[in-house]
Each structure stands twice: as structure tokens, then as C-alpha cells.
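Look at the two complexes coming up: chain A is in both, with chain B in one and chain C in the other.
This part shows the complex of A and B:
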């Protein structure tokens, strides 16, 4: 185990609401969040400079559900995902209009610290990106920079709990001091998931988390997602429609629309229960896309 | 999207080929109904033998459809209307194979009944049932090919006289009297009536599959064909 010592007393708050985000002022007149929705976007449009990448997206992400965002390249699904924890703020030209509510608070409201938003709402990326540290520190360090100041014993418990939650503990419990890079791709991705859940979020964002993994590692991640949804809401962007069909409860289909000046803007076409969207979608665009008839 | 392009051409070609095979079965079944009714009402055992032979071709296609269907599902994971089409194909495959089996049952009765005394009125009723059932199959095929739910909904109404004639056949059988050979013949004709009644039901089922393909709603026609039962219970 790690030899570092940690300050006593502090324990990770496991209860809602999340103080990091809730600290900001609630915008006047903001409508109440649907009780089942952990997150909601309301008429959200995202621009890169003058280019409107995504227009008028209103989506709700329910508690203990997996929501998949699908659509062709350039439809804005990853842009929408990155807006859910203000990751787009890292791009200088990016600008978001509309609102994104997290437990009823608009995370784009004045006074909300985007860094704290990103710390609170974790994201798992296409390629596993463990820190260049030990397996143990990948969890402990992430928790510490998020303000965790528990005892060494508490940190040990936190590391174990996160690794168990990510279905990785049994595989790494005897080599916690080895580098995170020593793990396989699938294990590294689960380490990243462990790192994301160590901060006790209630939403996990996943941007094509299996695109760099082999089919077995992919199935393990999918199984893990189904386990995780007991405690978390998950929003996943995937190019793999079968993956969306296997794991998600609801699916949002985005498509690219050309405006009168020839600009390509992503729009939400349909957001339906997954079973319905993949067997009998409401919109012809969705039907065309899922059957491969796509222009 | 206004400019739709099929980026899944190879799968859709294979799906069309599978569709052609499935529909060839019901085309053949329709033909077999006519031949089987003719054979059983006119003591034509040669025609009965041809019906049995035609069923071998349906059985062969049935096996091929199963194999092709499994391979297509394994290699592609169809979604949307493609998935619905695949779903009904596996059901229609069984349905049409059973239509063929019913025709074989009639053909075998034609061979069994050869030389037995007969009642003309019963033969005429069986012919009438055949004349009612074949248009049902044709209507079901055309409803599928045209994607016409309204046409498919006509089928339960078309089935009602078939059901009435089948119910009446019990009375006709009892009415033939005590002659053992005549009674044996009539009892077998009762089974012919039942087989035709089942084929009528199968044509209605075909119409329901078509409605599911088009609407995405899994439901059964009620007796009028104009309403749906959505609770999964058979109301007819």
C-alpha cells in the first residue's frame, strides 16, 4: 500500500446534493428540474466561434439509467457530452447557449466554477488515460486533488471501493504499487472508470469508452456499466449502435442538418426508449440511419 | 434527410433474396390449396401425389430460410424496419411451411378416400371453402407486397364465412347417416374442412405480421379487422 500519510478526519460526502456545483447562485426563474432527472439540457446550442455545431438540444438524463447518444460523425453528440461537465470550456472558441441543469442548478450560471464541475462529473474517454502513477495513486491522487483529506486507512478503503466498483480490484489488489500503464487496455479503461467514481459522482460521462478495446474487454466494460447504473446515471457516446442497444435505457439520435447557408449543424432528431428507437423509431431520419440508409 | 443513400447495400440485397424465398413458399402454398381441394373433391390421387411432391419443395425452402436467416442475423445485427422484417420472416417461414403441411393432410385424405362413397353437397362445401381461402392468401400476399395495412385488415372479415362453413361441416357429417363407409369418408372430409379453416387463420396471421412490419405495433386483428387488441390476448 501507499506510504503517504493523509490528514485525519475528512470523509467523502456520499450524500446529495453535490456541494461543489450547488455552491453557485441559482439563476432566477430557472424551472424546476424533473425529479427523475439528474441532468437536463434546455435549448442548448454550442458554438465554435460563429459556427453553430449543435442547436436547441433539450434532453433529460434520469437517475439510474444509461442514456446513449448516437449519430453520424459531425452530428455533435460528443460536443453535447462534453457540454455536460463544461469540458468544452477548455476550447477557447467554444460557447454554450441555453442551460444545463445538474440537480436543478444551471452549471453554466455565473459563479459556477467549471473546474469543480469537471471534478464532480467525471468523464471516461475513448483511449484510456491513466495518470503516469501507480494504480493506487491513480485513485488516491484524483481523490486528493478533489479535496479529499481522509486518513491513510480511509484512502485505502476509498481505493479498494473504487476498484471494486470498477470490477478491477481482484485483478490488481496484489500490485497496487505498479504503474497504471502496466495494465491491459481494458484494465486501464476500468482504472479510469474507478478514478471517475472515486469522486462519488452521480453522473458518469463516457465518450466512446470501448472504441480502443477488443470485444472481450468491451463486453466487460458494458457489463460494468450495467452494474454501475445501480448507483449512477451514465451518459455514453458511441458509434456502435449495437452497443447502445445492449446497454442503454434511452437513446438520443443526432443528425446533421444543412441550413440555408450550407452550414452543417447537429440536431437532436429523436430521444426514445432504446427498445423503441431500435425497433420502431418515430422519425424517418432515425430509421434511415439505423438501417444504413443514410445520405 | 432528403438525399438518402443505402450504405448497407449488401445486407439489403441478401434481405431481398430472403424475402423472395419466403414469398415463394406462400405462392406455392396458394397453388397447393387449389390442387389439394381439387384432388380431394374429385378423387384425383395423381393430383394429390403432386401436392405432396410440391410440399417437399416448401420444406426445402423452409430449411434454407432458416439457414439464411441465422447467417444474416449473425453477420448483421439489423435494426428498425430491417429488424421487424427479419422478425416476421422467421414467423412467416413457420406459417407457410404449416400451410403446406395442411395441404399435404388434404392430399393424403384424397388418397385415403379414393373409391369410398361420397356426398356431393359436402364436396361442394369443401370447394366453396377452397374458393374462399385462396383469395385470402392472395390478399395477404398483396397486402404485404404493397405494404397496405388496410388491405391486411380485410382478412378477418374474409375468414368469417370460412369459419361458418367449417362449423356447419359437423352437421353435414352427422347428417350422412349410419353407412360406415360413407361415415368414414365424411369424417375425413371434416378433417379437410378443419385444414382449410386453419389455412384461413394462417392467412389472417400473415396479415397481422404485415401490419406489424408496417406499423411497428405488435397486435392481433379483432373479428372485424378494424380494431386492434393490444394486450397480447387472442380475442378472435
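This part shows the complex of A and C:
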């Protein structure tokens, strides 16, 4: 299931009216999406071959909020994140069960092109991965491939806007034609964020975006996230609990459970407003984790 | 070393003591040194082998020769009323050269030359008009009926070959020629006394330096007379082959590699294909020659002879054309091109693919704009090596039917052709000693051609990789 179809989709507007993912057939009896939620997962399980990596995750991500996914290594939080824009489809053995709703449409329904999903749900990765091109082209490319109709001047504006949005403009405005690799690690990560927001996505997924960065660069990215949440909904995976506590509005704690056959399957333990999760968690496991008793 | 012996050895006690360690370190260092020397020795052997190869080729390509001319060029020039001090054969005009041929060549040979390629657009020299019209309207008209007239260089070569008729009776290698030229003269004179050259007298022999590898050699067509034989036809044939090989192997090979690496999902069928590609890289080239002969020359003859592209007579009367040979060489290089392109593509970090896909690019947009530019230098390196290998291939060309003797330049993919390795192979099998010098000179030309092609490709590749950064 979920075999990708590589059709060149008709171009989408990159402008203000938010493109809705194509209306697939709505599953009968699906509960109505909470109006405040941009995305929701419903009983989502993810398998790698026969191995069930994550089981029964039901989460809702609110508009203009930062939602953090935390948990020990191997608990499947990155896997969950990558299933939110169907990046897991790139792994041949990966398979998703359950539903992931984006504005009420199941993005795993038949007839939904994953390319279209990723175009509205952008992603920033753990290690900065700019293209080996100029800073300018790194940002302009996403618009071009998505059918941006603007002139050269419009693209210039888009590049500037994206770099300003990623708080990078002042540092690179004089060297837009230099390679993206010439930047420092923290700058590269902000370039990747600029690249992601240049296509005007709706949701930005961030997979441990600061784990390869030094504390100062981390701080800048965190400040940036708080800026970005005014325009975007952000889901972030982090290893750093302080980071989750600092930036996120809601936090989901995942843990690894051994099942009967000895397989390690990740499960959602608790999902609460961040302050509540870190001060008075409902679950014993959460408390153990955030107080450093394990993990 | 240990201050207080523990009751039971701990894991740390199994490490060597200080003295033991120093001894061990010395042994390890010596072993490393020996290994380094061994590798250096192997490198020396490799360099020596290559140097010897080059030495042999260069040694045979230049040197002293003993020549006997049937007609001395000076006498010929003087006979036409020019000053032999200032004029050489090359200074004569076209009509004079044709006149020399007319005066010195038998009418039978003259007619044959004219049927091969005529001398003047508007008149015939050896044939009469009636016969010419008749043979040109026959079923199999000779090439002279359609080809344009000969040029000055061509006729000059004919005069050299047919009128001057130089005969190299002995040749000497480069290094002994430089060190001890008298020994060569003595050897030739001794040869005269021993009666090895019964047709000539000793005073006819002229000793001169001869560069077998010379501009004339590169520019002259093939000939049965070693003194005037050249490799222009073979060089052009090889260049045409490179063009066809590249045009076939690069798009097909790179396309297949991109599909296998970027698009194919792991399956039994795909791994079966992969295994077969890897095996094909090891198939001997003569087997590709068999394939080329059976499929391209025989089955696909209408295509490879150009018959299906024209309603008139086919450009070639059989499939033994540059196109057949080029595609055969392309097939030969294909597995190596595919494998090296695959390796280059696999070396591109996955993070770039994910970055592209996460922006909402299709797989192909990501591959085209982000993956291929990064992989390009690697793809080109593998392709260059594979093509260079193909340029030197002989066996498949022999099977596909490279012409053994051809003086007309190839004009397109449907021409008959010969190639440098074929020419070298044939010359080494000729009895006359001079052809060995020619083979050496042609080898030198082949090496230079390869170096030029490689250098050009590397420059191209470097410009490409700079642009990608």
C-alpha cells in the first residue's frame, strides 16, 4: 500500500490561499477533526517489514503551536514525525496503518499524491542538508519545481523573504551566490529552514533540528521557532527535554514497550500541554523520564 | 611495572609491560616500514613496465633508415625544369604531379587509380569517356564515379609511391641510432657484400633519419607501400567509433543506472538484473564481437547499412559499418558505465534526496536537479575509463568486420572503416620489417589519441564539478 505515484502534479498556488490536500474519499464514520487541529493521527501504527516500530498513536497538532515529541532513543518519535508528510514512503519496507488527517483529509487515502502532501507539510532534518548549490538556488529551487510563476524579481523577493523569515538574511545578503556549504552548521540549518518556508508550507516538521549544533546556534533556532509559529504549525522531535520545555506548547512523550515476542515497539505514553507534562505528569513513566531516572 | 601484585589477574594485567610494549612497538614499526617498502616496490614495477612499453614504442617509431629511391626526387624535379636546390616534390603544382603519374605509371594502374577516385572534376586522365560512362552506369559503379576528385596531398602521396618509389631496405632503432650510427651503416654495407639486397648497389643506398611518427604519417591514408603508408583513415575511423560508442553507451548506461539506483524498488527481478550487469562486465570482448556480428551486422543489416534511412541505394552494401562497430563497442562498455554510474549515484548522500522530496519535488525533479549534478563527476570518470578501454579494443572490431585495407576516409556512421588497433594488428602481421616501425608509430598515435581524449574528458569533468559546487 501507499506506493508512490510520481506524477507531475498540476502546479499549486504558492500564494496566500492555503492549498488543501486533494479531497480523497473520506472514510465513512471518521470522527470529525477538531477544528483547531491542523493534523491528527488516528490509531497510527508504523511497520518496517514485519516489525511494528510504533503502535496506536493518536495525536492532534494545533494550528500555530509548537508540538514536541520526546522520548528515549528508539521510541519511534522520528518515525511518527516522518509519517506526517509521508517521508516514510521513501523507505521501501515502511508501511503505515491507521489514518493521518490533514485538515480533515486522510493523507494516506488512495489517490493522495505524497508529493502534494510534502509540498504543504515541509520538513527540516537532523543534520543540515543544504543542496550543493548557491544559497540563492537552495531557496529558489523549491519554488521553481512547484511551478512558481513569478519573474526573476519575484523570486529575488521570495528568497529575501524566506531568508528574513529564517533570521539569516543579514548574514548572507552579500553572498547569495556562494555555496550553501560555505556557511557554518547553524547557518546551514537556518538555510534549510528558509528553504522549507520558501515554498509556503502550512506545517513544518523538524526532526531534532538542533542536535548537530552548538548551544548558541541552538538558541537562535529556538528563537526562530517561536517566531515561525505565528505563521506555521510546527511539530518538533527533540532529544533535549529543556528544549521541549522552552519552545513547545504541547508535548507528547513516547516510550519503548517490549511486547510478548521481545520486539521493541514505541508507544505514546502521554500527550499534554508542555507545562503540565513537565510539572505534574499523569504517568509514572513520564515522570521517570523527565526527572532523569532513565533514558 | 605493577606496584602490588593483585591476587587474581584483572583484565588490565593482560596488557604488555612497559618493556614488552616498547619491543612490540619496534616490531610493529618495522612491519609497517617493510609493508611500505613492499608497496613502493610494486609501484616501481608498475612504473617500470609502463616505461618499458613506452620505450619500445618510441624506440621503434624513430631511427636511422637505409633508403633506395627508384627515381631520385631531385632528378624528377630537374626533369621538369625546376631547380632541384630550391624545389621539392611538394612544391610542384597539381597538373605537374598528375603529369608525372601519367608519364611513369602503367595504364592499368592508372585506370585503377582513376576508378578509385578521379583526378579532375571535368576530365579523365587514364580512362576514356565512353568506358567511364559505361562502368559508371553499371550495377556496381566504382567509388570514383561518386567521390570528388583527389586533392594535392593525395596525388603527392601517389607520386611518392608510384614515381619516386622509395624502398627502405633496412631500419635501425632510435637508441642505437643515436649512440652508434656507424654500426648501422656498417651493418647495411655488410648486407650488400653478403648479397642481401641483390636488386641494388651499395652506392644507391642513402642513410637518413626517419621519423616514422610524423605529420605525414598521421595525414596519409593507408598504403601497401610502407614508406608512404599513414594512419589518417584509421584515426578518423577510431574517432568516429568513439563518437558512436559515447552516443550509445552514455545515455543508455546512465539512464539504466539512474533507474536502478533511484527508482527501482528492491525485488527479485531487479537483483537478477543487477547480478547480470555485474557478470556482463567480465564477459570477454570477443563475445561482444560475436554478438555484434550476429545481431548488428547480420540481423539488423537494413539499419546498420543505412538502407532503411534512404529510398535509393544503401550507403553501405552490408552491415559492416562504423555504426555496427560503434554500437558493439558501446555494448561492451555498457556494464562498466552502468556500474560506475550506479556507484556515483549511490555515493550521493541520502539527505539530499530527502531534502528534495521534503520540498514537494517529485522523485525525478530531485534526481535531475540535485542528485545527477553531484554524481556527474563520478559518472564521467567511470565513463571516461570505459570509453578509453573501448578505443583500444581490437577483437570485437575484427569480428564485426573492420576493413583490412581501406584508403577512403570514413564520412559517416554508414562508412566502411578501419581503426587504429586494427591497423596496428595488421601491420605487425606483415612480413616487411618497416611495417613494424609503422605499427610502433601507430601505437604511439593511439596512446596520444587516448591521452588527448582522457585529458579533454577530465577537463570537462572538472568544469562540471566546479559548477556543481
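Just so we're on the same page, the second predicted complex is superposed on the first by the 266 of 295 C-alpha atoms of A that agree within 3 Å, B and C clash if a C-alpha of one lies under 4 Å from a C-alpha of the other, contacts with A are read in each partner's own complex, and residues count from 1 in each chain.
FYI, a residue touches a chain if its C-beta (ideal position, glycine included) is under 8 Å from a C-beta of that chain, and two chains touch if they have at least 3 such contacts.
Owing to the predicted nature of the structure, the values given are computational and were not obtained by experimental measurement.
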item: Fit or clash between chain C and chain B when superposed on chain A; value: fit
item: Superposition-derived comparison: chain B or chain C, residues of chain A touched; value: C
item: C-alpha centroid angle, chain C to chain B via chain A, nearest 10°; value: 140
item: Which of chain B and chain C A:287 touches, first, second, both or neither; value: first
item: Which superposed partner A:131 touches (first chain B, second chain C, both, neither); value: second
item: Chain B versus chain C as contact partner of A:279, first or second or both or neither; value: first
item: Contacts of A:241 with chain B and chain C, given as first, second, both or neither; value: first
item: Chain B versus chain C as contact partner of A:166, first or second or both or neither; value: neither
item: First, second, both or neither for A:146, with chain B first and chain C second; value: second
item: First, second, both or neither for A:107, with chain B first and chain C second; value: neither
item: After fitting on chain A: smallest Cα gap, chain B-chain C, Å; value: 26
item: Those residues of chain A which chain B touches in one complex and chain C touches in the other; value: none
item: Complex contacts: residues of chain B adjacent to chain A; value: 1-8, 11-12, 77-84, 215-217
item: Chain A - residues contacting chain C, complex; value: 4, 6-9, 85, 87, 90, 92, 115-116, 118-120, 122-123, 125, 127, 129-133, 141-142, 145-146, 179, 181, 192, 195-196, 199
item: Chain B-facing residues of chain A, complex; value: 241-242, 245, 255, 278-281, 284-288, 290-295
item: Of all residues in chain C, those that touch chain A in their complex; value: 265-266, 349, 351-365, 369-370, 373-374, 468-469
